[in-house]
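Here chain A shows up in two complexes: once beside chain B, once beside chain C.
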Partner chain A sequence: MEKPSASLWRKIGARYNIIGSECKTCGAKHFPPRIVCRKCGRETKMVDKKFTGNGEVVSFTKIMVPPDMFKDEAPYIVGIIALDEGPKVEGHIIDNGKAIEIGTKVRAVFRTMYVDGDEGPIYYHYKFEPV
Partner chain B sequence: MTMRDVAVVGVGLSKFGERWDSGLKELMAEAGVAALEDASITSNDVEMIFGGTMASGSFTGQEHIAALMSDQLGFKNIPAVRIENACASGGSALRLGYMAVASGIHDIVVVGGVEKMTDVPSAEAGTALGGAGDQEWELFQGITFPGLYAMMAKRHMHEYKTTEEMLAGVAVKNHANAYLNKYAQFHKKLTIEEVLNSKMVSDPLKLFDCSPISDGAAALVLAPLEVAKKYNDTPIKILASEQASDTLRLAERESLTGIKATSLAAEKAYKRAKVKANDIKLAEVHDCFTIAEIMAMEDLGFYEKGKAGKAVLDGETALNGKISINTSGGLKGCGHPVGATGVKQAVEVVWQLRGEAGNRQVNGAEIGLTHNVGGSGATAVVHIFGRSN
Partner chain C sequence: MSGIVGYGAHVPIYRIKVEEIAKVWGEDANAIKAGLNLKEKSVPGRDENAATIAVEAARRAVFHSGIDVKKLGAVYVGSESHPYAVKPTATVVIESIMASNNIMAADLEFACKAGTAGVQISMGLVDSGMIEYGMGIGTDTSQGRPGDALEYTASAGGAAFIIGREKKEIIANIIKTVSYTSDTPDFWRREGAAFPTHSGRFTGEPGYFRHTTNATKLLFENTGLKPADFAYAVFHQPNGKFPVMVAKQLGFSDAQIAPGLLTPLIGNTYSGASMLGLAATLDISKPGDKIMVTSFGSGAGSDSFAIEVTDNIDSKRSRITGVRKLMETNKKYVDYATYLKDKDFIKGR
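Take a look at the complex of A and B:
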């Protein structure tokens, strides 16, 4: 087991359900969630905001040389997705047989990210797939 | 408050590379003693040291690096502060050293940078370097640093028709320069085909698009310009020392095809130094990946957006081309011991401006620029140097 599970647990709202935040002062939407709005700084009034997970590929790459914890997954495709609501977010893009290009429309799906050995937790996460 | 002019009066470098023979202490001493000798000062003359290192703890278990530098160089109980700013640790340390002298608080300040990276397996080194990005959202999802720069490259290629050959051209040029630098990690010339045929790391970036894992150290001695001649016949004046930051996450930035922190720092630096981008004929830029050099050429204002790649293939940035970029070999050819890099860039520019760069000398070099980036662009530091006479 590499990581204590609390570091996963406290992020599950965002990682499982794509809950980010919205600043009621300026209307800016943030994913992942932020406490302080980059535009408003101290004047932030942040509330939770659920995102649809629908978006478009801004860029992507296939990772051939992974970090140790992803060595059983490689190669895998990651990308930067512009969510329909505005924020850009990084994530895995699943190969579901459809072409992945810049501009490809994607939607979020719930998947296993990786399994931490025989005793550690299973890390779940949103991933994206072409629609 | 009036600021004093600051000069570099001593420079030193360790040999860069896979230094199985040397640990942190030996590397620091190699560079540090060379810099003190170059400035004709003793260990007793130094008033403060700023030490740049990114992840010495992850690479070697050793933290508290600046006090260790002071200790190993025989400095006498002086204040010592470590600077960690990812791959821009060295450049950031230089800026603080500059501020310490410019402010009048200290006269003789040493700026050191070091990284000992080859004592851990390369996957472990990659994880340590990943700490420069956002742990929770980038590294957690297995997005490596080559992966982040690959996404910038792919977008740059999409928007500006930049090609894999143009990226390869950066590696070929920098290896050609490194071939002339005895301190460089690599003394092996590359061809475009060799780069294109090297192993894919994260498309479109291949192994030879990436800077290596390296060991090395670099050091500078700073002094007030008004007394600089006492230490060195050819003091090099720091004309500007500027820095900017941006979001840690690449996805959150305004653009993937450039580094905004670089443009912001450069704009301030040109203003401070009272020079224009096209006055610069010599620059050490942060080519951690080949695409990073192309973006730097554009963000620093040397080329219009989308035009830098072609300039590389046309030889405009080769040694004594229109603008000589990365005469040391850059991070790609000379090596990238991350904490040392920003300081090493300054060492190279000082040698060039003094006319001491030997067979890689840029003819008539009067002004030089260094550009040091942290992470995927959350930090950028730009310095401009000039001959003071």
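Take a look at the complex of A and C:
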């Protein structure tokens, strides 16, 4: 896991509030945020775009053998969520007892993603839960 | 005069039943349930802590209030389980609700009453004109030592209240607030200690009952109001029994405290307890209803509030998920082993 750094700190908007970007030239919405629009190149006029966090499951998988940092979390579910505004994002999906299937509607919640031992920092992140 | 312009709550979806804990320690579940007037308690998910609960409650409060969050001038987060010893919970909250960086913020600790202290501070800042809106949050993922009596009650939850002074935005006026505070060693947790220590039976009389009673009586003296003037009353609820007893002693009926009595179903949410009780009571209140709230924090002190619901409560009602509904939606029971794992109580891992 990355130690707290300027680059990680700059991503707090994205990690806490799903703030991406929107190209005012063509209307394309991006998450994670981009500086240059795929379509518009040098004509890009990018502004911040806050996504609602509402969307639906496009695909998902249950992680049984996790990376070391999530060793105590398994089994857990990671999926691709199509946000209502368009972009597809990867995220953890919380088991709240409701079935998770392709097409399941989800909303974003605020959770810890990783706690670095007893003395390191706590990383917060959006996750998704079935509604 | 300042009042509540919005509120929000959060209760984790996980629950553990008294029976599940009692069987591990060979105790009589029915006797415990009757003695504490409690059947189960909320348990935070592995990925929840006092900060994430504060954030979920604060986001709901901002949505309910309808205010421009950039005009929020202060955030105070009260908890006895702040995730860091040094590094504020309040900063996580302001960033996650997209508040302005031009904002006052601090964490508070006063056992179970730090959240209501945050409401009082917000009221002072709003009434003085220093800020337009302030937010007080009470949030906890409290710890009960395995095998200790507190293990049956120590739970997780929180609520956030936004204080403002625009008459057309206020859903409930705060008529008066008073406090009663003394140095009483009824319950404590030293720096670095994983679990709190309490003085057993000593905690009730000189702690909870003395402070709750004195603050409430002081409120009556200051306002000229009496129990019959209130539609509802909310007390801190370390278990399901104490608030029922203190309400009776002060002259309130069981019906007056019923809407705000949540501990029998979710346990003691510590800093969240009286504030969640108030939120649940506001959920069902009508314009003109008066509500009395008295919090209690060990150490010890009580904050007492006289609140009067305004006509605006109905127009904002569609913007809130009721506390009782939050408590019932997606409820999921965990066994004791999962509870130990999720609370990181298992050694050697």
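The working rule: the second predicted complex is superposed on the first by the 125 of 131 C-alpha atoms of A that agree within 3 Å, B and C clash if a C-alpha of one lies under 4 Å from a C-alpha of the other, contacts with A are read in each partner's own complex, and residues count from 1 in each chain.
Throughout what follows, a residue touches a chain if its C-beta (ideal position, glycine included) is under 8 Å from a C-beta of that chain, and two chains touch if they have at least 3 such contacts.
This is a predicted model, so every value here is computed, not measured.
Steric overlap between chain B and chain C is absent once the structures are superposed on chain A; the two fit side by side. Contact with neither chain B nor chain C is seen for A:52 once the two complexes are overlaid on the shared chain. Look at A:87: by the touch rule set out above, it reaches chain B but stays clear of chain C. Residue by residue along chain A, chain B and chain C are tallied for touches, and B comes out ahead. Contacts of A:124 after superposition on the shared chain: chain C is touched, whereas chain B is not. After overlaying the two complexes on the shared chain, residue contacts for A:113 are found with chain B and with chain C alike.
In the superposed pair of complexes, A:5 makes contact with neither chain B nor chain C.
After the superposition on chain A, the angle chain B-chain A-chain C between C-alpha centres rounds to 150°, nearest 10. Using the contact criterion defined above for the overlaid structures, shared-chain residue A:96 touches chain C, although it does not reach chain B.
Contact with chain C, but none with chain B, is seen for A:16 once the two complexes are overlaid on the shared chain. Looking at the shared chain after the overlay, A:73 reaches both chain B and chain C.
With the two structures overlaid on their shared chain A, chain B and chain C come no closer than 13 Å at the level of C-alpha atoms. Residues common to the contacts of chain A with chain B and with chain C across the two structures: 73, 113. Of all residues in chain A, those touching chain C in their complex are 12, 16-17, 50, 72-73, 94, 96-98, 109-113, 122, 124, 127. Chain B makes touch with chain A in their complex at residues 123-124, 126-127, 130, 136-144, 146-147, 150-152, 154-155, 158, 199-205, 247, 249-252, 256.
Considering their complex, residues 13, 45-49, 51-52, 55-56, 59, 83-84, 92, 95-96, 98, 330-332, 341, 349 of chain C touch chain A. Residue ranges of chain A in contact with chain B, taken from their complex: 11, 32, 38, 58-71, 73, 76, 78-80, 87-92, 102, 113-114, 125.
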